[in-house]
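In the two complexes below, chain A is the common chain; its partner is chain B in one and chain C in the other.
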Partner chain A sequence: MKREWILDKNHLSYWLRQLRNQMQLIAPMRDQVGDIVFKQVEHIHKIELNCPSLLPSVKEFFLPQYERLFEYSKKDDRVVDSISKTKRVIFGLRSCDVAALNTLDRFFIDEMPDPYYKSRRENSLLISIVCNNPDPTCFCIGLDTGPYLKQGFDIQLTDLGDRYFVQAESEWAISIIKNYHFLFSRPQKSDYDDQYEVLLSSKARFQKRISLQQSRQLIKSGRIKDSFWQGITSRCFECGGCVYQCPLCTCFTVVDRSYNDTVERARLWDSCLFKGFTRLAGGILPNEERIKRTKRWFFHKLIHYPDVLESFGCVGCGRCTVTCPGRIDMASVCMKLKSIALNGEEITDEG
Partner chain B sequence: MDKILTVCPYCGCGCGLYLHVEDDRIVGVSPCINHPVNRGSLCVKGWNCYEFVHHPDRLKFPMIRKRGTLVRATWDEALDLIARRLTEIKRLYGSDSIGLLSSAKCTNEENYLMMKFARAVVGTNNIDHCARLCHSSTVGGLAAAFGSGAMTNSINEIINARVLFVIGSNTTEQHPMIAMHMLDAVDSGATLIVADPRKTQLAEFAHIHLQHRPGSDVALLMGLMNIIVTEGLVDIDFVKRRTENFDSFLDTLRTFDPAKVEAITGVKIQLLRRVARIYAMEKRSMLFYAMGITQHITGVDNVRALANLVMLTGHIGLPMSGINPLRGQNNVQGACDMGALPNVFSGYQTVTDPRARKKFQNTWRKKLNPKPGLTLMEMMDMAYVGRLKALYVMGENPLLSDPDLGHLEKAMERIDFVVVQDIFPNETMNYADVVLPAASFAEKDGTYTNTERRVQLLQRAISPPGEAKADWEIIVDLATRMGYRMHYRGTYEIMEEIALLTPSYGGILHHRLKEGFGLQWPCPTQDHPGTPYLHRKKFAKGLGTFITVDYIPPDEPPDKEYPFLLTTGRIYFHYHTGTMCRRTVVLEREEPECFVEINPEDADSLGIKNGWPVKVTSRRGSIEVKAKLTGKIPQGTVFIPFHYAEAAVNRLTNPAVDPKAKIPEYKVCAVRIEPLYKMPVVKTPKPPEVELESLRIEE
Partner chain C sequence: MKVKNREPAKQENNIYRPIKGTIERIKKQTSDVSLFTLELEEPVHYKAGQFFMVSVWGAGEVPISVTSLARKSTRIEFCIRRVGMVTGRIHQLKEGDNLWIRGPYGRAFPLELAKGRDVVIVAGGIGIAPLRPLIETFMKRKKYKVSLLYGSRSPDDIVYLDETRKWKQQGVNVVLTVDRPTDGWKGNVGLVTTLWHLAEVDFKKSVAFICGPEVMIRAAMQDLFFFGMPEERIITTLEAHMKCGVGKCGHCYAGKLYICKDGPVFSYKEIKEQSILNLGF
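Then we have the complex of A and B:
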């Protein structure tokens, strides 16, 4: 059930302040060197509302880079679960991230529920903002994961200049808005018109149009030879950045660490682009050749994900474009594939 | 959750990153998007640099050796003991019987204090650090030619360069973020020339790859210069106006005719000509080098040859044109700048210069020793003969990083009193009488200077484990206990003192660094914006000097008994002696075991298969490692990384040193390889001969 309101911009900080009294407030903040980072908000007026440059992903709040799962105390022979129950409101994330979380839910909750992820997810309220100014690296538009969402959000705000067009879907979200009903008003016809205009103009600002469907079909057609992937692979620095930054990558590893009187089990980010990720007992490395791992990453996102989860393993956020030191991110590889499709030739070389 | 901007603790690129902190624990890392070096990327070490900080192995308490074992002590006991023993040794044997090793992993402030401690408190110039083992030839070689031994350009100039000449650097693995800029430049049309005996990842992108023989760099460079001269590609104007001593250099140069060079290096004449022309004719040519140049007995000569090359072509003193030593450790540039070297104070002011000494004496209020001290290798030699009585090691692990470990172990045993100050237990601690726990990069503040001379601020994110303390706090405390009062309210006050005494750091103060991504020295005054490229208009020392060099073959070439040439180095997933990265699950898992890279043809003739254990023996010792067959390494050469204590390649390496810089020859020594396992000879019946064509199924 979707409900809509109008929120005067002047009331936003009051509302956030009220929310912060009940929950931890996370929002994009600009620091002294101009970077935007998501962190706990100290000064509400410093929240970056119109992020013109790339936002980091909020994946880390649901699948942290290093998460203690439980702790075993040697002295009292007891296990303490470290599951996080912190109530959070994450303000200012973007549609692609919300879309990614919805896909992650299917992976982490639907089949075999992961209690740690699930608890973090249940305790977080997402307030996403429609992108009026997409970054040059974004390509969510071809994937229906942005710049705005038709459904699947908690609260979605559209910036209409002096006011926000507010949409809420989940029950928790609606009840939170109702708690502060005096801040919200009924949308008028003109508000709907303005909102539609914002969406249209935002769509027109995308610099990249990438069709993952096309890439998928091209790969499935068998026309892409290994030499193409070899060319891509030779630029990989094996940094793992693409996996770490991608809101839809879920690789992790688990370690036990023994301290003086406790043992802790932790889960931390890993990456399928490392050969050791699939190391078998006896030291055998099935994916020792780098090309296998690169192919795996792209095939997982373009072939396997749609096959099992009915959506691509990419929401077009463009974060790998920024972080990949080898410039072999999803967008540029798909562009290369596209040029193959356009030229209609069998590719034998780098392309 | 808070995110704190700081600097990566691993390599000299000095990438900016955020540490994510929750409840005084680091829970993650993310790259800084606007940082001029990494621009939103990090390499695998940077991405995982948070993990070792909370490792259970961290040293948490001071320890004192009692009846053979290290037992927990209080700070008072430990520091009092050190103060007492050092004072005693100083009284009995003189100040110069004490040696101190500073660290390229510690901040500028800590290195400065360490050198102040050595010179003002202990009274000796016996202070050195691991730059001796990597770039002392650079500091010596470039200082003699230009008056300053650092990277002349900035990393963000690379993208606009037209020619990149990379020699002796495996950049994609050792300085990944610099390699990123190089590949971007190649994408936008730059020509990449790589000179490396191994086929490195960067070499795959090179337009020209020169696979010269290890140790033949001087010959290669002289050959190139010879061609440049004979083909009239010299920038005569530049040579006349800005350099000296060209004529005498020319005499030696003439003896390196291309045919001779081809014979020494194994590189074809045509290739030499192409490289010489491309490099000399394009104006925006950048030259890069690293350990492949410096770690030879001819290290200084190699560097001088490079310096001559850039002066000959006038490729220096402009943006995108210069000579760029890539420094390995995150703060090796800073440690050198701070004078953690036996012959200079901070800012390379020599201890023998009475004026410099007077300046430091006045500020420190202490009479200073005018005699240059011992280098790291010399300290060990003195220890071996029993004349070094005490050694203070801060944040280093000589017992894995130095050549010829067997000799070193004996030397360490003979030292009366050893103090080790570090974040993790290491091999050197086996000889320690006192162990002091230090704070890691996330637990202290200060500054690091990266390879492009950028002084950057480190910010404290969490508190140290147990009773561990920042290195600078320890030194301050110890100095005070030894009767020399040091007092600083914070690292910013130390920086102020550095700025006062060091002209090139004159305007570098913490509050200025906070405003952006640091400042590049020289930055002499408080309103100076920093210097992106060096030697503009004139060299630091006035005229650039051509220094004559000649080719000397490696000290220990392969022979009948030891037929392989061993070269050593680092690998991407690990870092130096592995104290940090081998305590990071992801990194350790990637390469958990030491290996020897060997060409498949060589392996075949020895009967070795991929993954088999082999024994590698040199004149000094032997180790057992796994064989890794790869075409990246030419025949006759083998490569072993030096990160692994259980198979320490430095048991094999040759301690022969460059006569000037005293840098050991890590890159060349002779070894013998034997398989430890022989495939049992099984007689299999020969399969019947089949005409393969006849088996084909027609479609």
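Then we have the complex of A and C:
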């Protein structure tokens, strides 16, 4: 079921106000130090509508960096779980973020559902915005994960200047639009034309053309020797920045914290790039060699993710490109692989 | 069956939620290994080769194999070696204290492979824990010829020493060996993999179950394969760092597979094909 409407930009604020009355509203906002991040909205007029494409991913809202799983009360010997049921609407996220969540759904919900993720997901409505101005680091276009989604969204808005072209897919999304039907009108032929033009112009603006498929084939062909990965590894600072920024990196660890009367069992983000990640009893480190960890990260995203979940472990958001101090982000490594494919040799210096 | 009042179907709702067990008995095995018998607040259905996440609130959770005979019961046993933080805290507990568990997780041992064949069981150290219910199952079913090759650090480190005597009486060919003998030790000395000649089976026609330190597993698998045992009948259970047990935390990731949910029991064939853990097989 796909429905399309037009929303006059003058009505946006009223619509969001109404939604905020019913549930938590999260949107791009400036924080205390002036960065634009996703935050709970108090003043609608403070939403950053014209922010850059790339913001910190919304992963935090589905798999928080620190999340309490249980609270154990020592006195009553009882365990209470803290599954969030807060209804939320997340406004202004990008296509790549929505695509990433769709992949995570298969990982977290399809087999042995993770109740924390599932509940957050089921209680969140996503209103994503098509990117008219992709950032120089974006490469979703080669992956069909942006700048525009053909499917898999709740509500998708395309900015047509004075109005939004609105598409809704899920039932919840459609009902939310129908409740405010007086704000929405039927699209005319000119709206479709304008939308098409916006998409064409957006597509033309991409600076990066990266093919993960090609990288995957190349790795599978066996032509990429360990010396290549050794070179990549030598540039890794083991900061974990790529992992924390990536909307598709989900590894976590679990800790117990004791307080006077209670114990909190919580999970927090972890990184497979850290040496201790696979530590065994007695201090044995199966992945002590750094190259193993580098390969693990890339192979997971390029080989195993598609094998198991039928999509790459990367949506081309370019966040790791911005973050990585060693310039061994997904895009850079794929570019290097491509030059091997083209030149039939390994390029080890700046790619 | 003792099922106390509680909210219904806890574990179905939340895969991470542990249930409470009360320690009925602690039987010391060696200086750092004890057998814990628990009575649970609700029954669990487990099989040999599977494991549970066992926890003490405030210390954390660790994966521990089932060491009692497969069944559906409120009774379960874990044989736990003290090696670090969590296992250290578990060893401070007394009878009547609580352990919390969730599971069972992972694949069980493929018992059907043993049908009509001789069985070789190779254990190293605490690796005997998941193999105990296997041996007992074979003894209960009576028609199996079982050889157990079991290596320990020293005679004082032999876990389930009493059981090995009982198994011997029941007809198991029990071969014990130690790395470092003490005075009075009359048995074998050296690695289990030097004792194949004592196994008394035709390796080509048997099935093997192996558990122990990784170096031992690797050597044993290679030897048995060399002796002509088909690789799909060489079975082991692997250890990995585990934080969730249900394929979510990523810690036990090994290529396409997660040791926790796709294992921990694997055949040599699978280990080779999936290059699990880059073991260098």
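What we mean here is this: the second predicted complex is superposed on the first by the 340 of 351 C-alpha atoms of A that agree within 3 Å, B and C clash if a C-alpha of one lies under 4 Å from a C-alpha of the other, contacts with A are read in each partner's own complex, and residues count from 1 in each chain.
Just so it is clear, a residue touches a chain if its C-beta (ideal position, glycine included) is under 8 Å from a C-beta of that chain, and two chains touch if they have at least 3 such contacts.
Bear in mind that the values here come from a model prediction, so they are computed numbers and not experimental data.
**Student:** Overlay done on chain A, so just call it for chain B and chain C: clash or fit.
**Tutor:** Aligned on chain A, chain B and chain C fit with no clash.
**Student:** On the A-aligned overlay, A:Tyr66 touches which partner chain: chain B = first, chain C = second, or both, or neither?
**Tutor:** A:Tyr66: touches chain B, not chain C.
**Student:** Given the touch rule stated above, what does A:Arg327 touch, chain B (first), chain C (second), both, or neither?
**Tutor:** In the superposition, A:Arg327 touches chain B alone.
**Student:** When the two structures are overlaid on chain A, which partner does A:Ser258 contact: first (chain B), second (chain C), both, or neither?
**Tutor:** Both: A:Ser258 reaches chain B and chain C.
**Student:** Angle chain B-chain A-chain C between C-alpha centres, in steps of 10 degrees?
**Tutor:** Computed from the C-alpha centres, it is 80 degrees.
**Student:** After the superposition on A, what does A:Lys39 contact: first (chain B), second (chain C), both or neither?
**Tutor:** Only chain B is touched by A:Lys39; chain C is not.
**Student:** Does the superposition put A:Pro136 against chain B (first), chain C (second), both, or neither?
**Tutor:** neither
**Student:** In the superposed arrangement, which partner chain does A:Asp270 touch: chain B (first), chain C (second), both, or neither?
**Tutor:** both
**Student:** If you stack the two complexes on chain A, which partner ends up touching A:Thr278: first (chain B), second (chain C), both, or neither?
**Tutor:** Touch partner of A:Thr278: chain C, not chain B.
**Student:** What is the minimum C-alpha distance, in Å, between chain B and chain C after the two complexes are superposed on chain A?
**Tutor:** 9
**Student:** Show me the chain A residues, by the header's touch rule, that chain B contacts in one structure and chain C contacts in the other.
**Tutor:** Shared contact residues on chain A (touching chain B in one complex, chain C in the other): 253, 255, 258, 270, 279.
**Student:** Applying the document's contact rule, which stretches of chain B touch chain A when the two form their complex?
**Tutor:** Listed in rising order, the residues are 1-3, 5, 16, 18, 20, 26-35, 39-44, 46-47, 50-51, 54-56, 172, 176-177, 179-180, 183-184, 187, 201, 204-205, 514-517, 572, 585-586, 589-593, 611.
**Student:** Applying the document's contact rule, which stretches of chain A touch chain C when the two form their complex?
**Tutor:** Spelled out, the residues of chain A in touch with chain C are 69-70, 72, 74, 77, 79, 81, 83, 107-108, 111-115, 250-256, 258, 263, 265, 267, 270, 272, 277-282, 286, 292, 296, 299-300, 304, 307-308.
**Student:** In their complex, what parts of chain C are in touch with chain A?
**Tutor:** Residues in contact with chain A: 13-18, 20, 55, 57-61, 81, 83-84, 87, 98, 100, 239-241, 243-244, 246-253, 255-256, 261, 277-278.
**Student:** Using the touch definition up top, name the residues of chain A that touch chain B in the complex.
**Tutor:** Going through chain A, the ones touching chain B are 26, 31-40, 53-54, 56, 60-61, 64-67, 234-235, 237-241, 244, 253, 255, 257-260, 268-271, 274-276, 279, 283, 322-327.
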